[in-house]
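Written out below as structure tokens is the structure these notes cover.
Here the chain labels run A, B, C and D in written order, and each chain numbers its own residues starting at 1.
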Amino acid sequence: MASNTMKMLRKFIEFTTQNKGFDRVCDKIIPVAGTPGKCKFSLKVDEGHLNTGGTLHGGLTATLVDSLTTAAIMTAGGSPGVSVDLNVTYMKAVKEGETISINAEVLKLGKRLAFTTCDISNENGILIAQGRHTKFVG
Amino acid sequence: MASNTMKMLRKFIEFTTQNKGFDRVCDKIIPVAGTPGKCKFSLKVDEGHLNTGGTLHGGLTATLVDSLTTAAIMTAGGSPGVSVDLNVTYMKAVKEGETISINAEVLKLGKRLAFTTCDISNENGILIAQGRHTKFVG
Amino acid sequence: MASNTMKMLRKFIEFTTQNKGFDRVCDKIIPVAGTPGKCKFSLKVDEGHLNTGGTLHGGLTATLVDSLTTAAIMTAGGSPGVSVDLNVTYMKAVKEGETISINAEVLKLGKRLAFTTCDISNENGILIAQGRHTKFVG
Amino acid sequence: MASNTMKMLRKFIEFTTQNKGFDRVCDKIIPVAGTPGKCKFSLKVDEGHLNTGGTLHGGLTATLVDSLTTAAIMTAGGSPGVSVDLNVTYMKAVKEGETISINAEVLKLGKRLAFTTCDISNENGILIAQGRHTKFVG
């Protein structure tokens, strides 16, 4: 039986990607596990996710951090808010066909600000990128 | 007569966006001005650039920082390299139909690392986001 | 005749550094120029500012970004607030005896959040570090 | 019996702080636990660590991230290198007399670049700041 958090994550992906907005680039993301404020997703990297060098595009990585930490905030009871600061450190390239895991976690949900972190790993559990995202939710 | 930098920027946008990779999200970007290491682009924000709140998606903003600072590095004679660190601070929302200016600038092009900054402003010259992008180009 | 901003900056350095708190590490900073929200300082790097490698310590560089952008916010009429996000990119080492220029600028002073940037250059005008600092001032 | 990592950490704190350089601000730091690339320290916040508002200075927090992730890199067999990018997100104030825990961890030690993260928590295990630090170690 799916938990409420898992239902919320599926709805989040469906609602944000089934339209003509930018989130359509996240339409292949699959929610894998979730408790309030701590959510795991997977994504099989395909042609549409690549840079011209043939590896996962850094802009998409940043988009995953942005969108999936927002999902995590919502599972913790916060509003989606607006972005304040986002950062990403890139550690390893990912090729087409690899499946990545995205772990988004709320570090603190305050009255005005929400603080989150996001780990992205490859199939071998190697960290390929880590990001942080601060949002104004007040 | 178009400068060499302008020719290079047009080629960069054409080459990166005319394929099925992630850079297709940048296909509406127009190079406006450029000298080696200092490049200006414009983008009219349309439906495909929006978040579900109806404003410019933070993931696209990060993608603009990523891709257009890479273009700037190339105009300065650097290789596109790979991303190391990227950060974005978001200051103001942008609505559909607004045209934004993206100014990407190389701060330092070293043997191993390239350091860049990127200002994104709206039509009134108000800064809407600022980012920095460090790449390994060695 | 000193402008009000210059008087405010001198008072800021005096008030923050003439006590036993951490800001004492900034006691050699000299305000050089200032208009509301845009302030320039100089610092002659001495033994107390160095890392064990004999160059300007990255922690002090971050402290300069933190403290002097706070001064800039105050000259723009904002409260000192509390730090939310700070980042620094390091581009070049600085040795003992060199004098650095620190340019702190308010990008936006909102009701709740203040956004600032800070350029640090050496005597030859070469950028040695750049940082950004977001504060909650609401 | 102290592990090699613990011996290395004690030597690191001793070597870096027992001189007239900027690291003297870290002289009260106590290594608590360590395995290669994963190190824990504690610090009792005193008057010398405060900002003028009477809480832990953000510049010192950044210095802790900078210096203690460097220690972690060295326990993993890396060279201290030079800073490339550092960021800190501040989540909660800390008062004089509180003891904080600093957990510095190497995410990846490459041939050229080292990637690290740092969690700083208060006595109740509440995260008060999180930072990331990329160094060039090549």
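Quick notes
Keep this in mind: a contact is a pair of C-beta atoms (placed from the backbone, for glycine too) under 8 Å apart; a residue touches a chain by one contact, two chains touch by 3 or more.
Just so it is clear, the structure is predicted and the values come from calculations on it, not from any experiment.
Taking the CA centroid of chain A as reference, the farthest chain centroid is that of C. The pair with more inter-chain C-beta contacts, choosing from A-B and B-D, is A-B.
If each chain is reduced to the centroid of its CA atoms, chain A and chain D end up 28 Å from each other. Distance between chain centres (mean CA atoms), chain A to chain B: 22 Å. With each centre defined as the average position of its C-alpha atoms, the distance from chain B to chain D rounds to 34 Å. Shared interface positions of chain C, i.e. residues touching 2 or more other chains, are given as 84-85, 87, 89, 134. Listing the residues of chain A that touch chain D in their complex gives 85, 87, 89, 91-92, 107-108, 110, 115, 117, 127, 130, 132, 134. On the side of chain D, the complex with chain C involves touching residues 15-16, 19-25, 47-53, 57-60, 62-64, 66-67, 80, 82-90, 93. Contacts from chain D toward chain B in the complex involve residues 84-85, 87, 112-113, 134, 136, 138.
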